[in-house]
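By letter and in written order, the chains are A, B, C and D; residue numbering begins at 1 in each of them.
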Amino acid sequence: MSNLTPDQERIVQRISNSFVRQAFVNTIGAELGDVDRGLVDIHLPRNRSLDQQYGFVHGGVLTALADAAAGYAALTVSSADKGVLTTELKVNFLRPASGDKLLAKGRVLKPGRTLSICTGDVFDIQDGVEKHVLTSLVTMMHVDGQTD
Amino acid sequence: MSNLTPDQERIVQRISNSFVRQAFVNTIGAELGDVDRGLVDIHLPRNRSLDQQYGFVHGGVLTALADAAAGYAALTVSSADKGVLTTELKVNFLRPASGDKLLAKGRVLKPGRTLSICTGDVFDIQDGVEKHVLTSLVTMMHVDGQTD
Amino acid sequence: MSNLTPDQERIVQRISNSFVRQAFVNTIGAELGDVDRGLVDIHLPRNRSLDQQYGFVHGGVLTALADAAAGYAALTVSSADKGVLTTELKVNFLRPASGDKLLAKGRVLKPGRTLSICTGDVFDIQDGVEKHVLTSLVTMMHVDGQTD
Amino acid sequence: MSNLTPDQERIVQRISNSFVRQAFVNTIGAELGDVDRGLVDIHLPRNRSLDQQYGFVHGGVLTALADAAAGYAALTVSSADKGVLTTELKVNFLRPASGDKLLAKGRVLKPGRTLSICTGDVFDIQDGVEKHVLTSLVTMMHVDGQTD
């Protein structure tokens, strides 16, 4: 039994179908979380093979999560015949991440037909306490010929 | 027989020692290339487990390479008692990457005691032809208590 | 009669004193708005001499407002013997601005001793309706020898 | 007598015609310099009314110059029926600017039909010596209905 509207169900289906085909996020063990129009969450359990040399999660991993969450958020507002590609992104690292798991929140700030401006924020969770470790602005392009 | 100056040898040694301890870049199969004062190259053979859903290399992987190359370039100009952490980075994706291997070039544009401004550029190589796929500006912070 | 705490009064005084000496913001007619620990608002009445060639406010003006608001927000959390300099900024333009006046909101997202990460958002106001026209992430550096 | 090709003459004419209508750059006293396919230079004599509170040129002015030079560089590669708007920009400040004049160099790094990725670099010139004071990455969008 689902409380989702038909529109929400289509969105969840679309994002889920694409997520399983995005090799890299699956390679690192990321899992899809909440999905709704304009928002996508992604979870990642801590895995020491993704660390940098000081024992924190590698910034490239954090950035990839933010990028993926923002990109899927943009896909929730993309017309059915279009895919999305990241045009550019800007990340600020706020604190090192060394907790048990990560939560990346992608949100559409300004949807558009050609470009959607999104935010991607990553939180590090240790013993139930969330720390904000990364904030980002991401420009997504809605492109023909790449359907998810 | 080496043509490196003692200064260059110390730099190569420092970067190599740190690189083997940066779990994530080794997890994805990256290899250290040229290293000199102010510059570090990193190579990555193509690996389909690092792709996104359209069959191109995931933007997060490209960004991680640029970040790592830029960070190690900053480390070549860092005093021996300091490490470097990425403060922020900004990436523009120029073309999709789908070749045989990737080359990331990190360069120090403006060295500083507290912050060094670096560039990170990634090239996709197919049949010996290089395509510029990513350009970035990266701010690195030289920090106490994190020696490489 | 003031409802400000002594701490708030010191902050308002510090920002006001510096604002009158920041030539450029006064040259373009900007005015200081709300000021509190971690936040500064700046207002700008529309002035056609600040437009670009299509009759919208020039992006450089919008960016300067965001930078100034973010910088002053950082100054509200800076120790008394330090000034702040913008290290880098990243701006996304969300819509063209063509209203009666602009409101720039600078906020400190993550204060620090050396660097403070701030946001700068600009709103275009026409007939009392606010449109979000610019969002930005700004890194401010707290520096010795430049007291405001 | 001109050494310009007809293509170059059309480009110079187009940029010059637009530049005189970009109010803000004229308000601050900027002047058009070299123009060719993919590149535009802009000059600005020092004017203390454009300073910030420490006596350096305001970062917003430097950013506006980089944005304008990058935007006009993009316009040199834009089809005749399209204008360009800045989608986003990212600036790193390398050194304070306090010289006699500024030179902003806009270059197209990757031209495209919808988006062109550009660089904008600003140099501070004092007694004939150039200092690199700002580097930037700028995304320009080629838009219908806004012809220069």
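Going forward, contacts are C-beta pairs under 8 Å (C-beta built on N, C-alpha and C of every residue); 3 or more make two chains touch, one makes a residue touch a chain.
A quick note: this is a predicted structure, and the numbers were derived from the prediction, not measured.
Chain centres computed from CA atoms place D at the largest separation from subunit A. The greater number of contacting C-beta pairs, out of the two interfaces B-C and A-B, is seen for A-B.
Subunit A and subunit B have centres, each the mean of its CA atoms, that are 23 Å apart. For the pair subunit A and subunit C, the distance between mean C-alpha positions equals 30 Å.
Averaged C-alpha coordinates give centres for subunit B and subunit C that are 34 Å from one another.
Within subunit B, the positions touching two or more other chains are listed as 87-88, 90, 92, 117, 137, 139. Of all the residues in subunit C, the ones that touch subunit A in their complex are 90, 92, 94-95, 109-110, 117, 132, 135-137, 139. Subunit C meets subunit B in the complex at residues 87-88, 90, 114-115, 117, 137, 139, 141.
Partner subunit B is touched in their complex by these residues of subunit A: 18-19, 21-25, 27, 48-54, 58-61, 63-65, 67-68, 83, 85-93, 96, 146, 148.
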